[in-house]
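Which chain is which? They are A, B and C, in the order written, and residues in each are numbered from 1.
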């Protein structure tokens, strides 16, 4: 009896939590003249998937999607690569300046975006990376690195050194130990971190807006922003774009959630 | 060569951070001490003049107060909700828990820009579903303007922010709870401790580390959160929901005063750095104890 | 075999890249904002331009009007940016002053081109002694009235301030008898700082108040006439309660939703609003009339100025292809192109004399009203800080006066002082 009560409560909570999402889905299927009317209706007879196809005519979303995928995937891989090396360094070595370097990574999260944008823009311009995939990927990587390093550092710390030490005694090099022993053990943690990194890059709006200018590099969030026109706000198509845009990270999360939770359990246990 | 290994491993990450942190930081520092306008460029050294202007601006202090409330209250609320949900998900209901867990995590996955707009639609005074429900049962008058009333604008944005952040706390807390050794609970059960006592004397203390990390991260991220407030209120009505990151944009891109915008950025940076130092001090003291 | 393949690939790559380095001039053209129809038109216009000018290739990008300032400033700060772009005509002051826009009066055929346009509108692209763009999309602010609500009440759109206030009061009511007011006379766009200033200043202008002195040195909106204009709104909000209470959060779409949904009877808008309303609520019609004048100025009803705003197409002063950019500019904005503003509803008025005098112009709704208003309208003073002052000083103080936190006189005096400080600092 008690369990049934708990279950019902949890379902009600889920509905409440998902309210904004459900409303967005409802908006995405309405014709424009039914968005924002009184009294508000969840459904109507003229609902369809038309906004989902219209949005591709309004703006080249297929290109934006490709761009978002390329940038997010590349930034994730690059961040994990560099971040793992750095986290490994922090976790398994003692060296002069270690605390300073840790501090530097922590501090780099603390500058507001609006203040770093112009120097970064000038930097990209100078090296010819403005409005390119590489430029955006590099900036995203730099923004994601501190958090990724912090996460991976935590995961590495939870891996006991015994197996590693045994391998080292057997004549393995440090790097081999990293590759053959630590990384496989840290896989759940890497999975969790990869999800964070992907999400961070996929949803990023501000830098993507200023550091790209053409359709061939524009990402989805910037594209969604274009729906808010000077006079017209095409809410239904925007909602459709928002729904589609939220699907890849959602799917990724559902697919990897076991690894994700496992990774965080390991990390939180330190 | 051996001695250099850690440095070599660190090098790529450091290089990135150098360009994305050190360079803009130095640039901001220089700008903050000069008279720099978007229109006329750098007109020369003016020392602490920009900082003086910032500290004398009532809008700065209001933004500071708003940001502090937004960051601290918002994060605490998100942690509370996250903890509550984590406890719920900890109840062994098999696949059901797993599915619910996925659903509860959805707000975190949604882009902040999308979330901001979705909440704006929900909270619309005339056509929003929230007002429709609340006014039907008489809790609020018809047509209550959540985002248009000075008293409720910031709170409304905070609700959206909490909605987006609580899943992160929930997942971290859940992981934390599930890694508490069972022996502790068993020992307590043997001693006859009630569920409430077990929660306060076993669960909570074990979650202190996770909780404090979440608190610091949440506060830092909220302090720099531009998207939510910008999308939902732009800092209005009448600047009553203005927060520091949005104010930086105002100074730099609307007043065109890059010098003042940089000074404000430096102030935010130094504030967060101080907070982090204090946190690190607390943590190290806790570890020593 | 593999070597041959490699060689072929390398060769083709070299050829391709070599092909790029021919004498083709590349122009970058940024379109800020604009409806789908306009963007389509601009694309086609560019293709036809390329066909007529084989040595020029134009790369178009669409960008958000909302972040226009951030995007352009970030680019100009780095010495980059497009060759051709469209912005508000009042950017002439800021960008002209900063040397980012090219003074098009330097081109040899400028005097001829200048004659294409309504003189009054051409002047809006001028700052000091230079012209910084070609006019496009002119806007005059007018009063839009929900036809259904006005007809139902049996009143005509107002011409004087007293009529305006009376109409607003009568159209504020409880329509379904549940004891709650659900229809308001006037909706104000308080959530958009710039938009709010654009909608209140026309009343100042119509009353004969100025924003600044001619020499751009003194703030003048706190004159007795300006205070009277602000007091009108304040009284309507605090005494009549005929202005929508949630106005501080409203942007374009909320305003449209309210008028289209019969929840508000009047709004201060421009040529886009009629189309917006019928898009949202097909079949819905509106009365579009000039902004009302003070009672004692009724004889100046058709000549008192309203606020004018305009888009202009400009050339980046750092462009490496000034002459080609000028050719593109002219092609995008000549009389032939301007006809599109007549034959399509682009939410703005055409700007060339020829298009406005054409027979097709007769089919444009409210065209005579707009032509008249545009001939008398005034833009914001072309001071580089004008937009910042309007959004960040004028708007907050006016809003405080309307909701009753300050008296209209106190609000405008304080705003004037702050604005004056900003102007003086800029010297």
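The rule is simple: contacts are C-beta pairs under 8 Å (C-beta built on N, C-alpha and C of every residue); 3 or more make two chains touch, one makes a residue touch a chain.
All values reported here derive from a predicted model rather than from experimental measurement.
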Among the chains, which one keeps its Cα centre farthest from the Cα centre of chain A?
C
More C-beta pairs touching across which pair, B-C or A-B?
A-B
Centroid from C-alpha atoms only, then distance chain B to chain C, rounded to Å. What do you get?
36
Could you work out how far the Cα centre of chain A sits from that of chain B, in whole Å?
16
On chain B, where are the residues touching two or more other chains?
124, 126-127, 249, 253
Where in chain A do residues touch two or more of the other chains?
36-38, 118, 225, 235
Which chain C residues sit where two or more other chains touch them?
70, 73, 77, 257, 261, 263
Chain B - residues contacting chain C, complex
38-41, 124-127, 141-143, 145-150, 153, 233-234, 236-239, 249-250, 253-256
In the complex of these two chains, what residues of chain C are touching chain A?
30, 33-36, 59, 61-67, 70-71, 73-75, 77-80, 252-253, 257, 260-261, 263, 272, 276, 279-282, 347
Which of the residues in chain B come into contact with chain A in the complex?
3, 5-7, 9-10, 12-14, 16-17, 19-21, 23-25, 27-28, 85, 88, 91, 93, 96, 98, 100-107, 109-115, 117-119, 121-122, 124, 126-129, 132, 163, 171-172, 174-176, 178-179, 209-210, 220, 224, 226-227, 244-245, 248-249, 252-253, 258, 261-262, 264-265, 268-269, 272-273, 276
Can you list the residues on chain A that touch chain C in the complex?
32-33, 36-38, 58-59, 117-118, 121-122, 125-126, 130, 209-210, 213-215, 222, 225-226, 228-233, 235
Chain B partner contacts - residues on chain A that touch it in the complex:
3, 6-7, 9-11, 13-14, 17-21, 23-24, 27, 36-40, 82-83, 85-86, 88-90, 93, 95, 98, 101, 104-116, 118-120, 123, 138-139, 141-143, 145-146, 149, 174, 199, 202-203, 205-206, 221, 224-225, 235, 238, 242, 245-246, 249-250, 253-254, 257, 260-261, 264-265, 267-270
